[in-house]
Amino acid sequence: MNQVLLNISGVNKRFGGLQALTGVGIRIEKGQVYGLIGPNGAGKTTFFNVITGLYQPDSGSFELAGQPYSPSAPHAVAKAGIARTFQNIRLFGEMTALENVMVGRHVRTRQGVFGAIFRHRAARAEEAAIRVRAQELLDFVGIGQFAQRTARFLSYGDQRRLEIARALATDPVLLALDEPAAGMNATEKVALRELLVKIRDAGVTILLIEHDVKLMMGLCDRISVLEYGKLIAEGLPAEIQKNQAVIEAYLGSGGGH
Amino acid sequence: METFVQQILNGLVLGSMYALIALGYTMVYGVLNLINFAHGDVLMIGAMVGFSILKLLDGVFPGLPGGVQLAIAIVGAIPVTMLVNVLIERVAYRRLRNAPRLAPLITAIGVSILLQTFAMMIWGRSPLPFPQLLSSEPVMLGGAVISRTQVLLLALAALAMVALVFLVEKTRMGRAMRAVAENPRVAGLMGVDSNRVIVATFAIGAALAAVAGVMWGANYASIQFAMGTLPGMKAFCAAVLGGIGNIYGAMIGGIVLGIIESLGAGYIGDLTGGFLGSHYQDIFAFIVLILVLTVRPSGIMGERVADRA
Amino acid sequence: MALFTFDTAHKPRQAWASMAVLLALLLAFPFVASQFGNSWVRIIDIALLYIMLALGLNIVVGFAGLLDLGYIAFFAVGAYLTGLLASPQFAALLESLINYHPELQDAIVATFGEEVRSNGIHLSVWAVVPLAAIVAALFGALLGAPTLKLRGDYLAIVTLGFGEIIRIFMNNLNDPINFTNGPQGINLIDPIRVFGLSLAGEPGSRATVFIGGYGMPSVNAYYFLFLLLCIATIFMTGRLQHSRLGRAWVAIREDEIAAKAMGINTRNVKLLAFSMGASFGGVAGAMFASFQGFVSPESFSLTESISVLAMVVLGGIGHIPGVVLGGVLLAALPEVLRHVVEPAQQALFGKVVIDAEVLRQLLYGLAMVLVMLYRPAGLWPSPVKEDRPLAATAKDEEAENA
């Protein structure tokens, strides 16, 4: 469990006049739940977008499971094994929940035009396997009964779960979640926590951006804190809670939003 | 083949018309993020109405000086095109302001078809000869020839553009337009009625199109119900070239595109070893568009599009 | 319409029965219509080709959400390719080579034989159709490539530009080398010949095709061929829709960034959408050329691109039965109207107030505006799965799933 899964260092990113990230790095071990917190505008989502290939960094070194990976294109990053969810949920609204998760299987499957039109044995088998796995994942996150429902008609909490199921469908080694608890009430957050523990126990490493400090403290193995695009603290949750710089950045800690 | 100077002059004339039309596209795109696909047909309506006015004048007040007749035609065409464009906005586009981008574009295409159909019904399907009102004695300019109609065209275009700049920079309405073009919601919070501004934008664009339409007819001596589509699309390319949403961009883009087309048609034969000839003129606008969007999407002057997030 | 359904997943017996009834009607149609002359069947023949086009465009616009305003270019490619390879046109091309590349001319004559000089190339339909599909697909990728990073409006205008560029080339590529014969177009294109049978009828048979001892008008023979092709197109696009690729297309349409994040190579998938859509257009073009016997640039203008788009949009973007409906309505209805409305006006007013062409345009324009304002998903959109208000409680859920 001490094997380093994600090793990133020296990430710089500038948008015009704004230096969004300065020398940011992160080191996550396999099997961890790793948290990334910081005030609004600190650069957390920007960092996510850089890691997952949505933005091109000005500099930085990126290593996944010991192999360098190039965050040049999001689909390549997904193929390498990092899957993500989005701060503002990005589902495929007109597709059913099941179809959304089936899309997640795209990167691990291969049938193309020929298979689509002729549906030979291998194509049919792959399609069946996709369907089965998708349903499994829907059950895993707890919305199996909504498989046939059009995604945009799901409740907010269920949509968040669906996004997680879809990300899991890509068979990631690292699951990067951007504020999965946003907009949830206390009960929903408890359920989310349980789900994340379940995911970790299933062998997926988790990187998590969140504002709910209580949730983070109880869940994460280690935490990094960003402020104005720079890392101001890194360590165990208990250490972070007592860290002077962190307290100043937040002006008070311990309260959920 | 014509001299270089002649081609530049031709390009300037063509470009002025493109500029006038491009302004309509760019202003609407600036406030609404919408390509008013029907704008080229508004040009056509301007030309048609101008034509009808000229026929009327010829019957009622024969013998008026050519320049006066054209002026009356333009002044008469403007309210009609304004009305048409404002109606289009009200009926076809207003409801779809927040719809996915596909919807207003398709409605715009539908409106374009309807405008052409009405023109077909009123003015018929065949090309109509636009009266040649100014003396056909050409003006010599440094080895090149330009007709009096073209001189008038250049003058009117310049006048219209100056007037527009004055409107946008110096008047209250112009300030309101710039505000809405930048951020409609905040402009609304500042007391700007964005609906009125949008209507004004459509109206002004239509007025410019009317001028361009009548002068197009006068320049080419022939008008037809389908005359607006291609110039419209090319003017849009010019607007993108100059920087969409940016009125200075539209003016510059229009003129530059006119010159590119003119020079291109003139030299394409030499450039391709005789394989392509000047009837390939129409492709330049689209090639320019693709190049701009690939290499420098914000255009020559930079785009100015509303933050409608 | 409650008795009539195509939902094979949920109501298989009813669906198959509906389809059987429909098929019977479709097969019987030409025999009935022939009683009234050839024109009705001819109208439907062309309509069938347009339905194929609409289904092909549906892949690009409906599935992948890429607004292509220049789709007719692929129709043109297929048609002109057929014109070049199944008519005397190649001979004209060879002749024009004589001033520029005489060695090339000799090389071609050496390869294909001396009659090429006088007769041109006459490939059989079995060669022309796959070629049309492949060449059109290549053009699809070619024309799609520059558009990959563009957002909706710009994509539309650029594709429109490409459509225009293709038309301009078709109109002018007759000098110095005569590929397309310019504005006059290409004539004397071979009719379709399958299993020794010419669908235009043998010379002297007055356009009658004889199968066994039984004779039918040529337009009827083409009807069955086009109907077959249409059904094949429906089948193939349906299979594409419900596949890994189809889901990838819809994912791109719904949210391209999320699609990329889920591992979809959006560049390749979009190019595939353009290619596949284009290939159907190419095949339809080949059929068109053979059916009409001639092609000219006026059949491939922006108006045509817009007409096909209107069919997709009006019928139900992305929904295959809807697209077919849109095709039927917009391709056949104007012609039907012409036969009905003009005589009616004649009888009522003593003259034709609104002629068929104007009526057709009016219909298209109104359809596009009204549909977008009031039924933006089309007349027959995809059924939404369990459209329930979000306030449904857990109890409702249990009752529903019991």
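To keep things simple, chains are lettered A, B and C as they appear, and every chain counts its residues starting from 1.
By our rule, a contact is a pair of C-beta atoms (placed from the backbone, for glycine too) under 8 Å apart; a residue touches a chain by one contact, two chains touch by 3 or more.
Being a predicted model, the structure only gives us computed values, none of them experimental.
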{"item": "Overall pattern in which the protein chains touch one another (line/ring/star/complete/other)", "value": "line"}
{"item": "Chain at maximum distance from subunit C, centres defined as averaged CA atoms", "value": "A"}
{"item": "Distance from subunit C to subunit A - Cα centre to Cα centre, in angstrom", "value": "43"}
{"item": "Euclidean distance of C-alpha centroids - subunit B vs subunit C, Å", "value": "34"}
{"item": "Whole-Å gap separating subunit A and subunit B, where each centre is the average of the chain's CA atoms", "value": "49"}
{"item": "Residue list for subunit C, restricted to those that touch at least two other chains", "value": "none"}
{"item": "Where subunit B touches two or more other chains, by residue", "value": "none"}
{"item": "Subunit A-touching residues of subunit C, taken from the complex the two chains share", "value": "236, 239-240, 243-248, 250-251, 254-255, 257-266, 272, 276, 382, 384-388, 390, 397, 401"}
{"item": "In the complex, subunit C residues that touch subunit B", "value": "65, 67, 146, 150-154, 156-158, 160-162, 164-165, 168-169, 171-172, 175-176, 302, 306, 309-310, 313, 317, 354, 357-358, 361-362, 364-369, 372-373, 376"}
{"item": "Residues on subunit B engaged by subunit C in the complex (per definition of touch)", "value": "33-35, 92, 95-96, 99, 101-107, 109-114, 116-117, 120-121, 125, 229-230, 233, 236-237, 240, 274-277, 279-280, 282-283, 285-287, 289-290, 293-294"}
{"item": "List of subunit A residues in touch with subunit C within their complex", "value": "52-54, 73-75, 77-79, 83-84, 86, 90-96, 99, 102-109, 111-113, 115-117, 119, 123, 126-127, 130, 145, 148-150, 153, 155, 166-167, 169-170"}
